[in-house]
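Order of writing sets the chain letters: A, B, C, D, E and F. Residues in each chain are counted from 1.
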Amino acid sequence: MPTVQLVDEATADPRVRAVFDDIKTTKGISRVPNYWRALAAHPEHLELVWSQAKAIMKPGKLDLLTKEMIALAVSITNSCRYCINSHTAAAQKLGMTPEQHGELLAVVGLYNQMNKLADALQVEPDILPKVE
Amino acid sequence: MPTVQLVDEATADPRVRAVFDDIKTTKGISRVPNYWRALAAHPEHLELVWSQAKAIMKPGKLDLLTKEMIALAVSITNSCRYCINSHTAAAQKLGMTPEQHGELLAVVGLYNQMNKLADALQVEPDILPKVE
Amino acid sequence: MPTVQLVDEATADPRVRAVFDDIKTTKGISRVPNYWRALAAHPEHLELVWSQAKAIMKPGKLDLLTKEMIALAVSITNSCRYCINSHTAAAQKLGMTPEQHGELLAVVGLYNQMNKLADALQVEPDILPKVE
Amino acid sequence: MPTVQLVDEATADPRVRAVFDDIKTTKGISRVPNYWRALAAHPEHLELVWSQAKAIMKPGKLDLLTKEMIALAVSITNSCRYCINSHTAAAQKLGMTPEQHGELLAVVGLYNQMNKLADALQVEPDILPKVE
Amino acid sequence: MPTVQLVDEATADPRVRAVFDDIKTTKGISRVPNYWRALAAHPEHLELVWSQAKAIMKPGKLDLLTKEMIALAVSITNSCRYCINSHTAAAQKLGMTPEQHGELLAVVGLYNQMNKLADALQVEPDILPKVE
Amino acid sequence: MPTVQLVDEATADPRVRAVFDDIKTTKGISRVPNYWRALAAHPEHLELVWSQAKAIMKPGKLDLLTKEMIALAVSITNSCRYCINSHTAAAQKLGMTPEQHGELLAVVGLYNQMNKLADALQVEPDILPKVE
């Protein structure tokens, strides 16, 4: 059960209404997801999070599917149930095939293992990024 | 300081030697990274981890750069210092530009925030993946 | 479903009974929460955890509401469902308003993002605490 | 070593310069911390993160010291070295005493323990927040 | 709800069938757990994960109960609900008594606390493993 | 650099002195580790943490080496550098062989992978512990 009251889509609050409308338009969906309805319990915070998400989750030097797959990898590593569902669905909508989903899971699983082994072994970095 | 003795590249152990050679050939590098030299303290485990990594980190339905960027997103979310260095470097080698790096960081940061807000708000999944 | 049998409030075990009574008195509640009934499956552990919690969660140089909000911030960052519910409720009981809840969520979300960016960028500490 | 080039404080980039100036003015400091100089490698991302941080980290229904202590609790739970240093220092600057620091550490330690016990025991939430 | 279709035990896919049969024989169980039926949505990944798990989870220099208890400690620290259930059950089947379970929980809780205090205090390692 | 002043072993504070003496006697060591010297900045907290650790880390239904290996598994999963060092050393002192260390690392790595795959696949628990 949510820890705040979900705000109704038909809310009279103009700030919330504006964000809800922008979410539906930007994402091409007809209903406001529960996540945003819950955040709307705090309108100023809703605006901050949505404006940041909108600015970041647009096609850029990385295409949107790649961004969604990165979001899914983060959500799995954080064990966030809501987010795993919604980013799996979003990536599918953008064209992620079952085979690509399988490869993504394999990479995420592998590095959750290899990350912890690196920590356990306390190896010092020897492969450094190029910084110019 | 590593918690095990790093195995010398010129080790006489034939099992370890075979993996070291395969690592250098597969990755096109001339030296064995510290990570693998540390894992080699336990040869059977080295073989298991390397064979798995080799099977997963090859081009498939996802290209190798996408896989490396997913690996980097996992490593950042896990705060693994060695891994962040090596996957940033590996992605650069595969062509990741500074602009793409910046977009990746933005997505990873955003969803580390949004994941925790979803947990805090305890919203129930309403965007479900298509399962067929 | 719990992984241990919840101990009945009316248990005959005098050690458990003493802790249960102390929990109800200290917290001013009439029923023992599931958490403590589950811990009671191991009476010695119950005593250790409760005596520690009681010693820490009393007003001191930080008031109790501040301590509960810190507990909530930890619970969100750890994605602990039971704990997020109970600490949100406990903070409300101590007077946390919806607006304060919203600000707490904003801070917790922000730093889950900024923490991971600091890890990703591998910046060295340059703002050090005063240690005297 | 940072994974990006830290941007010089005297950068000619007007967008970065504006953020740097705002950081110094808002925080009342004379030098730009490494964190922000690293984020500045990606100016648009710098603007997004800074504008969000500035909007959230101002006195509101929670005072600034409480917000900094929440930020510190999050940073410890995430094991973020840079962030633990900078938020300990920031809280000290806002008046956190050594005794308050000790109590904060005690609460953060306690709930990192109790959170995991709740997960281990799989207890169902029975203390629910008031949602109206 | 799973994010992939669970593969039927009676699947016609010979690779998946071979793994399913091996799982049942190796573990001495009559039904394939949901976990493996979900992984089977990606047969190559199923083979990789199962062959690794089989190679690691056999009696060696550590007995199987100790390995299961380590697996349970990891699963609790990662807050993995499915895994906490299945490893608690597996350890019980191998002889873990309720008293041992209680001691394991106490150790896992204690070090989740002490780990975070070590991070908060930023103490430098002074107790180093012997590396020869 | 620690975020608090390490307390000198020869401190005049009788409460801290008593704990320091007990640590040295109980562990059979001649110097107080940095961890405890840092915690001693807050004497009441030092007493709480030490008394809890002492009560839990004694031989019981699980022997001390098993408990140290569980502590190490937790510390690796939490990526706690100080703790990985000290628990690897402590387990070695209690007799952990390099081969056992290797098996422990393999189990810890495996389940960090398998935990995240379980989360990604969102499988419902079907292997439940026996609760009586």
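Here is the rule we go by: contacts are C-beta pairs under 8 Å (C-beta built on N, C-alpha and C of every residue); 3 or more make two chains touch, one makes a residue touch a chain.
Bear in mind the structure is a predicted one, so any value in this text is a computation, not a measurement.
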{"item": "Common touching chains of chain C and chain B", "value": "A, D, E, F"}
{"item": "Chain separated most widely from chain C, comparing mean CA positions", "value": "B"}
{"item": "For chain A placed onto chain F, the superposition rotation in degrees, Cα atoms, nearest 5", "value": "180"}
{"item": "Chain of greatest Cα-centre distance to chain A", "value": "F"}
{"item": "Centre distance in Å when chain A and chain C are each reduced to the mean of their C-alpha atoms", "value": "27"}
{"item": "Inter-chain centre distance, chain A versus chain B - centres from mean C-alpha coordinates, in Å", "value": "20"}
{"item": "Multi-partner residues of chain C (at least 2 other chains)", "value": "1-4, 44, 48-49, 52, 56, 77-81, 84-85, 88, 99, 103, 105-106, 108-110, 112-117, 119-122, 125, 128-129"}
{"item": "Residues of chain A that touch chain B when the two form their complex", "value": "1-4, 6, 33-35, 38-39, 49, 52-53, 56-57, 60-62, 66-67, 69-71, 73-75, 77-78, 80-83, 85-90, 92, 97, 99-100, 103-104, 106-108, 110-130"}
{"item": "Sites on chain A touched by chain C in the complex", "value": "3-4, 41-42, 44-45, 48-49, 78-80"}
{"item": "Chain A - residues contacting chain F, complex", "value": "76-77, 79, 81, 84-85, 105, 108-110, 112-117, 119-122"}
{"item": "Touching residues on chain F, where the partner in the complex is chain B", "value": "79, 84-85, 88, 98-99, 101-103, 105-106, 109"}
{"item": "Of all residues in chain F, those that touch chain C in their complex", "value": "1-5, 44, 48, 52, 55-56, 125, 128-129, 131-132"}
